[in-house]
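For reference, chains read A, B and C in written order, and residue numbers begin at 1 within each chain.
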Amino acid sequence: MSEKKKLLEVKDMYVSIHTDSGVVQAVRGVSFDLYEGETLAIVGESGSGKSITNKAIMGLLPIGGRIDSGTVLLGGKDITHYTEKQMRDVRGAEISMIFQDPLTSLNPTMTVGKQITEMLMLHKPGMTKEQRKERAIELLGMVGIPNPTERFDQYPHQFSGGMRQRVMISIALACEPKILIADEPTTALDVTIQAQILDLMKELQKKINTSIIIITHNLGVVASVADRVLVMYGGKFAEVGDLDEVFYDMKHPYTKGLMESIPILHSEDQDLYSIPGSPPDLVKPPVGCPFAPRCNECLKVCKLYPPKTHSFSEKHMATCWLYDERVKGAK
Amino acid sequence: MAKYIGKRVFYMIITLFLIAVLTFVLMKILPGSPFDTERFEKLTPQQQQEALAKYDLDKPIYVQFFKYITDMLKGDFGTSFYYTKMPVTRVIFSRIGPSMLVGAQAILIGLAIGLSLGIIAACRHNGFVDNLTMIIAVLGISVPNFVAAALLQYYIGLKLGWLPVGFWESWACSVLPSLALCVQPLATSARFIRAETLDVLQQDYIVTARSKGMTQARLLLKHTLRNSIIPVITIIGTMVVNLLTGSLAIESIFSIPGIGGLFTDSVKNNDYNVIMGLTILYSFMYMLAILITDIAYSLVDPRIRIAAGKGGD
Amino acid sequence: MMFKRKEKFVPAKPVEAPADLPADLFEAAEQNSSDLEYIARKHHSALYDGWIRLRKNKAAVICAVILIVITLFAIFAPILGQYTYFDTNYKAKLKPPSIEHPFGTDQFGRDQWARIWYGTRISLLIGLVAALLNLFIGVIYGAVSAMIGGRVDAIMQRIIEILVGVPHLIIVILFMMILPPGVGTIVIAMSITGWVNMARLVRAQILKLKNQEFVMAAKLLGTSGWKMIMKHLVPNTVSVIVIQIMFAIPSAIFTEAFLSFIGVGLAAPKASLGVLINDGYKMLRAAPYMLIYPALAIILIMVCFSILGDGLRDALDPRMKH
């Protein structure tokens, strides 16, 4: 691990969103690293703060959202204090994003070609108009769109959902960014298309050596693409580790619950497990562990104080009271 | 597309026909027809018969109606009672110019100011311009245009004497009425583009555009306004319609020799033929404005344009 | 959505657990299963939620209060005042505003205070009755069209498509010319095409609801048609209707004022705000206050309805725009 370069370091980030109905403390002290060439999956239910964390990294929080504290180091530089102008050179060129719903993430009144060449125009000032068009057509071909030359002049609504997500990927990767943040890139797509898009992302990652942060609640997606997994719950991180560690040696009761809720084909047991209850209200976040009310291994202390983070290997960590040495029969 | 326009035109014709029926019926009911007078009573039955025959009034009602419709199709709405025997069509056509001038000025001023204000307001949401725009919009939509016109005439025309009022001689005379009429398009467009822009700013593709790392100016022009201005076309039809009716009061307040004032005067003077002619004309323009708006919108928005091009005809 | 920027929010840093925690805290906690079904934020009916949101909208609340005050004045001021709206007094004609006559007197010496409040009463009455009539016709038409569906719906919609092409104001003027002048005439004339919008909205809303899952579920569970209408369709359509009424009232007030202004509305000595504005306009040079006070009255009423209507729309149906 140590030979791999750290690309991105998020340290103790707090993000709040100010809305009509109160201040939502969406992210409460999240830290993680991203290494060169790897795929990190951030897993959690809706409202766990996984999307907001990544929007905060990009400086693209929704109206009323702000980073209250914490740092985001990109190549050693803290980008949370970058000016809007400095951020412009980060977005698209160094970090780019693709989003959940390919139907709404493309500008409906601009041709697909224009939306790709725009990215090139913004970050590759040396290219001529012809070169940009040529490159855009090449990109469209690269993401597997048939007849890219014709498709170049078409509008997003003339593409299917899966094709639009391919277009989004071609836009995001146009300037070969160091980091690609994919926010639920397959959730809105048909299952068969999902696999195609994931394969495409893996293939392109190898080609241009991009690191990927993939945000998802689908553990199947995680298993097929991720190198490392970060599990978030209630705006905090619950567990982080290599894919194998988290999948086969999970420590946090929430992770266990998630794994148990995966339907297994050909299983004798017909009942599908689901974690009872619903995620916490982050306007008034619980003082203790956010998962405590739903946890089947809950201790009295869990509801009173936030748990500490325990390391199980070089990369495998979990935030849970169960691993405190004072717990009888501590694991 | 052609099918859609065809369908709309078909409805337009039915509506116009119904309005023609209505005006015909009203003409029959309305008090004060030329044959209700004492003079007519004094004529001999023979003379009465001749007079009625002259206007086909002795024929069965459906024949009269048929004649009414065919005359109308020929552009013949009869003659004006008030403007001594002038054909209605000529009376109307002589009045269209000033109405068009004032109406066009009002819409252009209204759109120019309204759109600029609304866009700035949306970009500076909850800022000073936003609050100002909302106040202007609420006032502009709430203040009846004839009240605005009367107040403008009193304060700017009479008290301050900056602009001429009460006659129609030079371009300067068209300024105040245009201002009075522009209030509504201004308020409507400011409000509409503000809401539309705020909505677009929340769309996913704006986040995509922002994630590309572009300047605010580019984001606004290429991604936001492009999407928020297209729907403005949909309200222009309604604006024209409001202008048409708004001109009824405004033109008589400012003594503009236009069709709106003509309508109001004809109502006061019971000049039925002119009223009927104008009713048909207004209805026609009303429906035309809405139809053109719909077509224009479908031509500008690629989503509708291409869908229509594919599946339409 | 109104969102005021607040001072920088400082998140509460987590309380560090003290080192000397009692040992019994590390025992398994009892999980109360009923806690789990606790839903973080309370859920209310759409109307109740709307009411809560409306109360937060200060401008709308102020406008509602102003409208109530105006209504009270319109009801009681003409009764309690010492002058009537029709008594002439040629000794006191065209008197500018004074303590005796707060809004002055007109060219016949009639007290403008009494006339304006009386006019406001008539205008509000016309607005209300016209809106209710539109509501009545529109809701029945829309509901019948949506509930029956099929060919009936198709025919009813064609009729609407024909009617929307009719220029409302022009047709109203034509009807005003043949009907005898009076409040009833104005209301009837305005209702000839005025209900179309309401019918369209109600139909659209019911169709939308009809296809929604909870209504289908209710149907599958065997809820009777009548019960379903009362329990699901009515509450969900009410907000659309309330909003539409809030826009229909000022629109009717405006139309009446417009008709009276161009001389086909009410006739003297009856007064509505439109009649008063028309009178004031004729006397503009001699007695500008005769125009200004009724103009202010109608502007105030229109602005209040407009802000209250917007507030209600935002509160009841946040998705609806414009």
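Going forward, a contact is a pair of C-beta atoms (placed from the backbone, for glycine too) under 8 Å apart; a residue touches a chain by one contact, two chains touch by 3 or more.
What you see is a predicted model; the values in this text were computed from it and never measured.
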Next item on the list: Compute per-chain Cα centres, compare each with the mean of all protein Cα atoms, and return the closest chain.
Entry: C
Next item on the list: Give the label of the chain whose average Cα location is farthest from that of chain B.
Entry: A
Notebook entry, point to check: So how far apart, in whole Å, are chain B and chain C when each is placed at the average of its C-alpha atoms?
Noted result: 25
Note to self: Roughly how far is chain A from chain B, centre to centre by C-alpha average, rounded to an integer in Å?
What the structure shows: 53
Notebook entry, point to check: Any idea how many Å lie between the Cα centroids of chain A and chain C?
Noted result: 46
Next item on the list: Spell out, as numbers or ranges, the residues of chain A touching 2 or more other chains.
Entry: 63
Check: Which residues does chain C have that touch at least 2 chains other than itself?
Finding: 2-3, 5
Next item on the list: Quick one: which bits of chain B touch chain C in the complex? Just the residue numbers, please.
Entry: 11-12, 14-16, 18-19, 22-23, 26, 29-31, 126, 138-139, 141-144, 146-147, 150-151, 153-154, 158, 191-192, 195-196, 199, 241, 244-245, 248-249, 252-253, 263-264, 267-268, 270, 275, 278-279, 282-283, 286-287, 290
Margin query: Taking the touch rule as given, give the residues of chain A at its contact with chain B in the complex, in rising order.
Written below: 55, 58, 60, 63, 84, 87-93, 96-97, 99, 101, 104-110, 118-119, 122-123, 155, 157-158, 168, 171
Item checked: Of chain C, residues touching chain B in the complex -> 2-5, 158, 161-163, 165-171, 173-174, 177-178, 250, 254, 257-258, 261-264, 277, 280-281, 284-285, 288, 291-292, 295, 298-299, 302-303, 305-307, 310, 321-322
Checklist line | Complex contact set, residues of chain B against chain A | finding: 125, 202-205, 207-216, 222-223, 226-227, 230, 301-303, 306-307
Checklist line | chain C-facing residues of chain A, complex | finding: 14, 16, 18-20, 23, 25, 28-29, 63-64, 66, 68-69, 276-281, 287, 292-306, 308, 321, 324, 326-328
